[in-house]
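We just call them A, B, C, D and E in the order they show up, numbering each chain from 1.
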Amino acid sequence: MRNPLTVLKRLVSDSGDARTDGGTASSGTSLLSRDSIRSAPFWLPPFLLVGLFVYGAILWNVVLSLTDFQGLGDPNYGDLDFENYVVAFDGGTPSWTDYSIDPIWNATQNTVVLMVAFAIVCLALGLLLAILVDQQIRFENTFRTIYLLPMSLSFVVTAKFWLYMYDYNTGLVNIALGAFGFGPIEIVQNPDLKLAAVAFALIWQYSGYAMVVYLAGLRAIPSSHFEAARVDGASTIRMYWRVIIPQLRTATVSALVVLVVFSLKAFDFLFSMYGGYNPGPSADILATQMVREAYGNQNWAYGSSIAVVLFLMALAVVAPYIYSQYRQGQL
Amino acid sequence: MAELTLDSITKVFTEDDGNEIVAVDDVDFEIADGEFLVLVGPSGCGKSTTLRMVAGLETITEGEIRLGGRRINDKPPAERNIAMVFQSYALYPHMTVKQNMSFGLEESTDMSDDEIDEIVTDTAEMMGIANLLDRKPDDLSGGQQQRVALGRAIVRDPEAFLMDEPLSNLDAKLRATMRTELQRLQEDLGVTTVYVTHDQTEAMTMGDRIAVLDDGILQQVGTPLECYHTPNNYFVAGFIGEPSMNFFELDVEGDALVGEHFEYPISDQLRGAVSGSDSVTLGIRPEDVEFRADAMPTEPTDFACTVDVVEPTGDANNVYLTFDDDNSDEPRTFIVTVSGMDRVESGDKVVARFPESAIHLFDEFSGEALKNRSLEDVESVDISI
Amino acid sequence: MAELTLDSITKVFTEDDGNEIVAVDDVDFEIADGEFLVLVGPSGCGKSTTLRMVAGLETITEGEIRLGGRRINDKPPAERNIAMVFQSYALYPHMTVKQNMSFGLEESTDMSDDEIDEIVTDTAEMMGIANLLDRKPDDLSGGQQQRVALGRAIVRDPEAFLMDEPLSNLDAKLRATMRTELQRLQEDLGVTTVYVTHDQTEAMTMGDRIAVLDDGILQQVGTPLECYHTPNNYFVAGFIGEPSMNFFELDVEGDALVGEHFEYPISDQLRGAVSGSDSVTLGIRPEDVEFRADAMPTEPTDFACTVDVVEPTGDANNVYLTFDDDNSDEPRTFIVTVSGMDRVESGDKVVARFPESAIHLFDEFSGEALKNRSLEDVESVDISI
Amino acid sequence: SGSDDGSDGIQLLHAWSEGDGNAAIAALIEGFQEEHPDIEFSEDPVDGAARSNLDQVISNRLQSNDPPSTFQTWPGKTLEKFGDAYADIEGDVWNDDLKNNYRSGPQEQAQLDGTYVTVPINIHRINNLFYNTAVVEEAGVDPTSWSSPSDVVDGCAQISEETDAVPFAHQTSSAWSTSQLWETVFLAMAGADGYDDFLNGEGDESTVEDALANVVELEEYFPGNSSSIGFTEANTMVQEGEAAFIHQGDWAAGAYSGNDSFNYGEDWDYVPYPGTSGSYLLNMDSFPYFDDNPTPEDTKTFLSYCGTTDAQIRFNREKGSIPPREDADVSQLNQFQQDQFDHFTNADAQPPSIEHGLGVVPQVKTNISEAFSAFIESYDAGATAGDLVGAFN
Amino acid sequence: MIVFYLIPIETGLMTAITDPSAYTGSAPYLPPAPGDVSLGPFTNAVDALSQGLANSFILVVPATILSGLLGSMAAYGLTTVDWKGQIGIYMLFVAGIFIPYQAVLVPLTQFWYNVVPLRTTVESVAPMIPLLQEFHWKLIALIVTHTAYGIPICTLLFRAHYKKLSDEMVEAARLDGASITRIYRRIILPLSVPMFAVVFIYQFTQIWNDLLFALTIIQFGDASVVTQDLVSIGVSQEGTNFPLRMAAALVAALPTLLVYIFFGDKFAKGVTA
């Protein structure tokens, strides 16, 4: 067992070597700098690729969002302003069109609700599944594979499938509700339920991932913790609630990162489920609005500014993660 | 506080493929109220399993466990009023020391928060960890964690403590300190305690009695010195004591026990012991071999030897000897411990004497002890400057 | 093979926040060709750092390291012709034993595959791991892995071996076996070796000499017995030996060293030693305390004591004594070891004698040794049955 | 003339990768190549993009100054989307022959701000009400006698009382069917002029709301699971006799023609949506001409061909729609198409469809789609009416 | 619970073996009546998708391997070999994971179509290189794009893995005389195998199922990948051929399904190993 602290120390210190030796052992410095130069072939090519395509594209997109670009010809980079952002927050008719533009509040709200609900329920369901699978070691591999399987399917299949599931007459969801004595309910176009329905479908698709991560997390907790809690008199539920679940923080964080990435794919699902980028106000998210503005209305610059907002939101979720990882020396 | 009885306890694990593993086989013993019993044995012999059955963490395949006279086989762990200390301490890493210590009381009693607080604070003071109450386990040293784990067990004021190698994660110095501390604590509290270890020193020094397990079967229960000096069998003799007892296989031939490199005379006293056996194992502890430099054997129990290696440990020297009669390529060595003040060098010619009073004899096949040291011998030695 | 010289070696780590940590402070020593030097000290004292500087895994802040007379400060690890054995063995898990052992030769020499094969096979045979050559490390027991790690180092025929607690992951019995094996191997190969450990037994038994480090500073370099019997200072005296030396703080007052519970007479021999100090620490090893039951003190170096606890370890008893003059709540105990055959009971009244020849005195402030046991004493003791 | 710039020939991008559309475009190209064997079509198969993605592809290509020769697009106001990229083809393509033989409605749709830039190839009618004759007869209703949208509601009520069938097969998993239904009802209520006013942003909000209210009334007769099904499943219900009516473009009939036991006039029939019999609500496909054209001459030759009756008959025979040219010889088309063509030539008005992009510019169309996406959640006629009228600013 | 997770595949399968003309859309999870069973949808789907499948493989295999390999190299360069500033660079990698694809579509189009002369280059050398087709330039562009966008998550995964590798082992290799490159080749790379399983599976699925980049960069034509073909297959104005669509979806999902069925376990183990 390696103590994480030692690892941290090593991490911190090895990078410190070059500094420590400063003037005293110049040859040592060159040895180490030789290391960092020799390591460049490893990180530099990927870094350049990422820098060019990911960050280059993002920056370009940010600049674009400051123009009035409407899809044809070359964007006028000479005339940059924040008008699109003003419109995005306040609505109204911007200078580059005759039509009023919807602000992003509704879509932003839906996006946040969807992301948060998706992430929380995925984690909760994943945890529950993990706890269940953890009890039954025998078929564990099969279970794991099955729970992961939805992840491999394309939205063409899963969107159609969920339309079936939510069918008013024959959908399994309504049949199940019927079994509990609830009348069939309209789900797909029900303004109160459709965002939930979308979230639920996404949860179905990705909760297996959370399960896998949690299962590994559970396995990493020494069995003596379970036993100590039992000897201490905790019931099974209390044991999980007070002793086990709090220890799954790392697993939660690492699952969350990937789930956020997945939640950005909600667009594809909405697109398939509602046959286009117009899922209706109750399920409209920033991604659909962005594509609608850019590709539907040719409001490219405006679309870019929505994309920037979306990126900043994703970053807002992730920045604390990166920061805390950094603080804990996990980076 | 109560006495703990294990009555013909057996534990059989059934593996996935249907194989049955008998982890604990018909084990019987009784631990008096307030007694400190150490359970020792090699890895996999069933120590942990036994302990876990007592704690209620494993079901009992056969037999009965009684605590204070009441059968507890079917009680869930929480209702047994037993506390357990784990090798890994099993402190909850996300809770502070205080929360760790309170947890059991919160879960298993309906004390008010204030009461719990008081008990925890008192116990922490007694354990000298009052200043750590707000720290998380990860911020504690090994010894401190150990103390917290103990504190957590004590807080609950259980009828019995079970400890599964609680000191094995500590380094040598700390282990020595904690050993005495734990012992003293147990004496003060007077709680019936079962303590699992495979550390020789702990086994010998801590318990009122030792129970030696091998392969699920109880080999001997007795005081440390009983086990050390009058082992029931070959296994116990070899297991208890570090360095181990030296063993030699000998055949019973007429008036002598005949081995590859030496013959040992069968005196009248010995005659009875070996009468039923064809071959026996002679055992002698390293400190019981008497030892003289530069001399010829003068008695039939003296053997000419050569010093192979000397390992000084400061207060003592472990001297590895070979028999001069041994001409094989890798001559058989045996160990003798002598005082650290004695200067012995590799290559020295010496004479080793195996005093009859000090030797043990075991039946070669059953392993049962035929002759042990007499415990009276031990006690009668005079203490003098 | 070559001698290894550390010439005023210092290592300073700079942390992210700019703090400087002096891990190794001006350490000097020389290891003769073929010598086995053990580096000991408490955790964090800089043992590993020293070793890693020699290996080239850390840069050297100040000083010079020479191997066979040549400065190696600036050479990359691969060119130093040094092999290192790690605590975790650091075997490459995806390679077979054979591949593990060949790796270094493949990377650092231009030997043909056949040559490498031959060397590896020979070494494996010598190490008794020839039958394991096609296994992966995960399929080996701890001891086997240990042997492979050693084999991997040996194959490269280095000028020096560096070993960082190579046995600490093994269990006690295996550790004892490997200890002698390693020692014998080093003798056979005659390779200069630096061996880091914090295990008392390894430190005392394995090396030709011991170097004791504390807090980055070299405290003493000497043979095990020198360190044991003539420690340079208080730290070494306390660190070497298990159980530790007993220490008592005393003031130099006229003709006596005066402590809380006893006075020790200053004889003419001692006079010179304590002349420069106001207060001293008196040290005596547990086995050097002479001991008599049921008697009154007869000499000024005799003290009336009561037995607090007895820890029998089989071959010996650790007896914890308190001074009869000590009326405090938690009376100060000190340890005396007596033979396992001696029967002592808790509560016995005894007399303990601190013979002048056996005591050590240290300056209270500098910790420097003022008086040690004479090594001649040690050697002159007669060995007899 | 051969390929005029040495490239791979005419690049025609379309989304007809399947079924009748695929057959139609194949027939069209075949006809063209029979006539112009020297002109190549790009060897790239031009499918592989769904309708909703086709615009994105075009947009991307225009942004990279790499327009295709032509592509499948709705004419009319949809053309505004890539407005600057098109070029005038009056004269070259829109010669007198075309101008004389396209009816005024379709001809208007070929123009962007008065400039001819595209050639419509077919017309789908939107204002149809198809029905299963057996179900209708069982309930004793006679759609041919109806004259207003409220008759449809009443008729549905009767169906629902008299039969087990779903009165009005309709899908609401996406908004387009409902938007299309509303524009038909609105046309019925507001008349062609009122409809035109709406297109000009001057619609009468109360009529708009009345039309929506009518749809809300109809909603009661939609299948219970309308939100989970697509148009295909809704249409299947009519064929299976599980539903009485469906309002759809005439492509719905294309599906019936593949069903041997479901015949026009016997098993199914249709009426122009009650109240709209004088109008032919247009949905068209067309091929525009890009200014920066990779194959200028060949493209024009192709577009000219598309303006011929030969091309339009070949195409529409497969597509199920009708040719925009009045002089087309429709005898090769099926009876339903012939009947539709008859309606067309006699129609007083040929208003452009809103849902299908002819009537309003893309931004407005998007606004209207958004309004209907909201409408099928809430069925709030008042709010949606406001949204629809407000879609123009 | 298991049923719940499995039923969509079953539903798709049942739909896909139904004769399109007999398909009604109700209770699609029940097997079709025996008379209505047809393999037609599958054969049609395979026919229609063959080019797309081939293109997808041409895209996915190199993109997956490249992003995995580059991610592993980046992680190694930023972990095992320690030097100043690596944390800053690594943070940029991590933040790159969370960029919504929508946010970069416009620049990507501009870049591939207007900035780099990839198309003309490939078109001019294509005739000289066997198997290289002119339209492959789009696939190359897409491979590069997916590689770039895959690197951040791969780096994250690999770095977590490498940090768990023993420092002592790497030091042992240095003492054994191996250079940084050799250590990577002979020690790190072989030990990355479990992580490669994870990364490959993850990237394979992500890239295989991606539509957005394909639409943006490939747009249409010979280079279309299977997801693009899938969007339009079975959809026409007169209706949707659901059996064909489901059959196509299953055919298109088959590689990822197989990957999960056979290697899902490795994935699960590697994710948190």
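To be clear about the criterion, contacts are C-beta pairs under 8 Å (C-beta built on N, C-alpha and C of every residue); 3 or more make two chains touch, one makes a residue touch a chain.
These numbers were taken from a predicted model, which means no experiment stands behind them.
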Common touching chains of chain D and chain A: E
Minimum number of chain-to-chain touching steps separating chain C from chain E: 1
Innermost chain, taking as reference the mean of every protein Cα atom displayed: A
Two chains sharing the most contacts, counting C-beta pairs only: A-E
Rounded Å distance, chain C centre to chain D centre (Cα mean): 93
Chain A-chain E separation of Cα centroids, rounded to whole Å: 18
Whole-Å gap between the CA centroids of chain B and chain E: 59
For chain A, residues that touch 2 or more chains besides their own: 2, 17, 19, 32, 164, 169-170
Sequence positions of chain D contacting 2 or more other chains: 56, 63, 229-230
Touching two or more other chains - residues of chain C: 76, 88
Touch list for chain C against partner chain E, complex: 52, 55-57, 76-79, 82-84, 86-88, 90-95, 103-104, 107-109, 152, 156
Complex contact set, residues of chain E against chain A: 1-2, 4-9, 11-12, 26-29, 70-71, 73-74, 76-78, 81-84, 86-87, 89-108, 110-111, 144-145, 147-149, 151-153, 155-156, 160, 163, 166-167, 179-181, 184, 205, 209, 211-212, 227, 230-231, 242, 245-246, 249-250, 252-253, 256-257, 259-261, 264-265, 267-269, 271-273
Chain D residues within the chain A interface of the complex: 52, 55-56, 59, 62-63, 81-82, 84-85, 172-176, 223-230, 362-364, 366-367, 369-370, 373-374, 376-378, 392-393
In the complex, chain D residues that touch chain E: 13, 15-22, 44-50, 53-54, 56-57, 60-61, 63-66, 124, 229-233, 235-236, 240, 249, 251-252, 254-255, 258-259, 320
Interface residues, chain E side, partner chain C - complex: 166, 168-169, 171-178, 182, 186-187, 190-191, 193
